[in-house]
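Two complexes follow with chain A in common, the first pairing it with chain B and the second with chain C.
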Partner chain A sequence: MTTLFNRKRTYFLLMLFGVTIGTLTLHSQTVILNKSNPLEKISRATLRNIFLGNNTAWENGVRIQIVDFSADNTLRKQFDENILDMSPQKVGMIWVKVTLSGKSIPPKIVHGEEELKNFISENEGAIGYVKNTNNLPQSLKLIPIIDE
Partner chain B sequence: MKNSFAKILHFFSGSLRRRLISFLSIFLMLLSLIYYFYTLSVQGAYFRASYAQNTADVLHALKFGMELSLQQEDYASLQKIFAWAKQEHYVKFIVLVSEDSTVVAKFPDNLIWDNTYLSVKPSLQDENYILKNKFVSSITKGTFLVGFSTQIIRDYESKILFDVTVSTIIFIILSILFGTLFSHGITNPLEELRNVTEKIATGETDKRVTLKKGTDEILSVSTSFNTMVDRVLSAKKDLENDLLEAAEFVKAILPAPMKHPLPIDWRFIPSKRLGGDAFGYDFLDPNTLAFYLLDVSGHGLGAALLSVAVLNMLRSKSLKDADFKNPTSVLQALNTSFQMENYGDKYFTMWYGVLDLQTMQLKYSSAGHPPAFVVRRTDGTKEVLKIGNSNFFVGGMPDYDFNTDTVTLAKNDIIFLFSDGVYELEKEDGSMMTLDEFNTFLTRCCERPFELDFLIQELEKIKKPGPFEDDFSLLRITLQF
Partner chain C sequence: MFYKFVAQVKRFKFYTMNNAHRYFLLLLGLLLVIPSTTFSQERKYILYGFGQIDYQASDKKNFINGFNQRRVNLIGEYFLDQNIRVLTDLEYEGGADMSASDSVFNGGFKVSRMWVEYTVMPELKIRAGKMLTPFGLYNLIHDASASYYAVDPPIMYLPFAFFPGIPSQRLIAKYSTGLEFLGTINLNNRGAQLEYDFGISNGRGMAPDGTDANQNKAVYGRLMLRPSLVQGLQLGTSFYHDKNAIGIGGTIDDDETNFGFDVQYESRALQIQAESMFSKFANPFARRQTATVSYAQAAYTLWDVFTPFLNFTSVLPNISNNDHSYQRWNIGLNYALSLNLYVKTEIQFHSFEEDHVDGSFNMLKSSLAVAF
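So, the complex of A and B:
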């Protein structure tokens, strides 16, 4: 019985561990902002709203400028599926709708993390995500994604 | 309806002017209508062709731009392309449908698309201008539809319809004006020619055509016409002069009026055309007076010559087998000598009388001639006797037996011998005076001595103004001795 109980507990612990690992994997993509942005952390829901074009401005009034990778990028695929729960194609179609309706500024599509970092350091309201956080320039800042 | 159609037909087939006007106007109107339909069809076809080309260009540009910007997720370019498409006034709506039938994008926003149904229902013609095209990109692939408005075609067509209709109406009005003016240019001189001809026909022989402008056939016709009228008039004048001379000659061989042994007076007014009247009187012996008057049929020189010939025979007593004291004998001799087939179908009427001054017996015979009138006054009453009988005219029938009658006259009777030209006068009301009216006229007219000039004056009051139409011959013998 005890063994059985222990086995069950072991499964539970393993499951819990798995979830933790998963969360850690998720958090391996880190959101970066321009240094001037006062935001210190961001929730998944807010991120979702921003990346699907529902939020168009930061709390301080600055227009949000999304920077994203092209649809065939692995990092983009992971981000779309983990954070937005959609395929990059679906996200692209949403952006077609959103931009053609004129509600928000279309995302800037870049072809590498360096280009992304450069663009964000130059644009006050820009937001993007990267995998490699080493040697981050002074003009950028990282913020964590928190679960609510 | 049928009546008015007949009226229209009558108008078009009326005068030369109307025919020309209608011909020219209808001709130019037909030209206008050809221009009208030709312009409409050609302009319309041209505009439709350019419209089709334009829509195809727009569709091509949209497909190319969309594919490229979707491939690269260049949303800014996509925005620009859509913004451009919205500005294209041909584009009415755009629907972008992905492979799984979801609407990726659309314009305008309130358009509802579920693959078969369009909420912004274009008009019937617009539906013919929905163009479809497939597209492929990294995000999605599918179809896009562009609805092109044909309003612009209808606007353009109604605009050219208006323009062309207005210009055609103006053209038609100008056609009628031009047709009228042109026709007047032709028919006005013709009408003047007609007016002048009519005036000359009614006697205004001094009228001429006064056209001066132009060098065309009508002018040369006018000139020839004037020349012709001049020539004809001069020929007519020559002829009139001849007739006048002939009349003078006739007058010259008439016997002079006399006072003794009894007063005889006469008036002879030859007509312009010379009527062929002649008369004479002659004492066959101191107590026997023969007097006569004849009127040759027709007018002119022929009639005058015949009357002079007859008169000469009577005067010179050269008539064969004639007893001049016997009217029957004289008329029969004349009838034998002057049969009409030998004298150009001319015959004559004649009154011949022989008066015995002692017995006062008058033997007379009239051949187709009006009777002589004898005015007699007894005890304050005046009566007019008709002295004549009804023989056939002279020259008509060979071997005709002329009848002689006798009447006894009284002293102071007045004999009037005359030709029909004296009483066959056209009165003011257009009717002819009759012999009976002349009889009445003589009864009422005058007191003795029946002054001839006064009689003529009175007759001229009755008749229509103008010269005597026929020879006027009036012989008056007063039985006073």
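So, the complex of A and C:
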């Protein structure tokens, strides 16, 4: 009986560990915005709608400008798979559709986190994601991704 | 510079082939020489485009197998400020000029789209100019082959010969010149959205592009729901009505109405699409009839690059009389060579229920599609 109980407890702890690691992996990126953006948190669903071109303006009317990495970037792959639930290839195809239908313009592609931070610093409506949150300039802010 | 560019674009259709070629080359040159600053920090001006080259072979009577340089489009967008956006889409369609003489024009050059959009609020935009008519899943994108899996877009978006001896025609106007109200409404915090697009424009006809052939205007609209319960699902409905100057059955100033229903489910690997269009028009004897055109398509992506797909299409020219119905099966493969570069091949099995001038036939189609 005691052995069974211990085994159950071990399974439970293992499961808890797995969920924790999974959650950490899922949100290993942090959403980064211009300091002037009033948003304090963002849901996964909203993030998905933004990064798939379904939302084109913030609630205050400012045009959303998406900044992203190239399709072969590891961080981009993680973001597309974990947040958008798609491969970068599929996301690229959806963006061709979104762009050519006149709905929105394609994301600005940057080559590194520093370039991404610079772009967001200079554009009120810009949004991106980063892994390295150290030495963040005053003109930027990080917001959490929440599951609603 | 941009204003000059727009002015030149507006004058394009009046030029001869030589001038059109010259300006097209100029535009290509601009695309090459404009430095990366077009995608600079401000992103006020962006250029992009798409192209497509096809190969087709068939056992259809008198069919000539061969290549077709279908089109290349160059699109420029300019943001005057946060709320005003201008789009210009220049298209070269119809193949390379293989003639020895400059006086023979084998291709077609046109301004596909030219509109100005004003964002009143995130949920409301007003657009004016020449636009693609928002109908169903494909009319806004069916020229851009890189944005879908099959070689050809669904038949309902292409010209179709409903009656022998009367030229092929689309059920809806591909382009609309007029005014549109559109937007996206967030329904909840879980991602549910409602998209709408309503417009009034010139109807179809033989009048010069951008003007109307009669006093009646076309009205159209589209609603699309993206529910939060099933991520990747969208449900849409569309309508289009105009007084077609030369109707589908050849009737002058024919009142033609179309309703469409569509559903799409898209996940990481799977894409399922189905659409039906119900179209009312007069036949060559001026009697009203309703046609239905439907299709269903499934595509499944393997290893992120190989996407086999299967499509079934049905055309019923007159739902009260099953004569001359037409079906088509397509089976094909889409291969992503790289991001935004696709090779597609499909075999099409065309069958007509009754004797048709073409008879039933099969066709092999391949396409190289790129977006840049």
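A few remarks follow.
Here is the rule we use: the second predicted complex is superposed on the first by the 148 of 148 C-alpha atoms of A that agree within 3 Å, B and C clash if a C-alpha of one lies under 4 Å from a C-alpha of the other, contacts with A are read in each partner's own complex, and residues count from 1 in each chain.
Note that in this section a residue touches a chain if its C-beta (ideal position, glycine included) is under 8 Å from a C-beta of that chain, and two chains touch if they have at least 3 such contacts.
All values reported here derive from a predicted model rather than from experimental measurement.
Once both complexes are superposed on chain A, the partners chain B and chain C clash.
By the touch criterion stated above, A:54 is placed in contact with chain C alone, chain B being left untouched. In the superposition on chain A, contact of A:62 is made with chain C only, not with chain B. Looking at the shared chain after the overlay, A:71 reaches both chain B and chain C.
Within the superposed three-chain model, A:100 lies in touch with chain B and with chain C [touch as defined at top]. Contacts of A:46 after superposition on the shared chain: chain C is touched, whereas chain B is not.
Contacts of A:123 after superposition on the shared chain: chain C is touched, whereas chain B is not. Touched residues of chain A, counted separately for chain B and chain C, are more numerous for C.
Looking at the shared chain after the overlay, A:92 reaches both chain B and chain C.
Working note: chain C versus chain B after chain A overlay, options 5-13, 95-103 or 221-229, clashing stretch identified as 95-103. Shared interface residues of chain A (contacting chain B in one complex, chain C in the other): 71, 88-89, 92-93, 96-97, 99-102, 106, 109. Residues 70, 72-76, 78-79, 82, 96, 98, 102, 104-105, 107, 109, 138-140 of chain B touch chain A in their complex.
Residues 43, 45-46, 48-49, 54-59, 61-63, 65, 71, 85-90, 92-94, 96-97, 99-103, 105-106, 108-109, 118-119, 122-123, 125, 148 of chain A touch chain C in their complex. The touching residues of chain C, counted against chain A in their complex, run 39, 41-43, 46, 48, 50, 75, 77, 79, 82-83, 87, 113, 115, 119, 121-122, 131-132, 140-141, 143-144, 146-148, 184, 186, 189-191, 193, 195, 226, 228, 231, 266-268, 301, 304-305, 336, 339-340, 371. Contact residues of chain A toward chain B in the complex are 68, 70-72, 88-89, 92-93, 95-97, 99-102, 106-107, 109.
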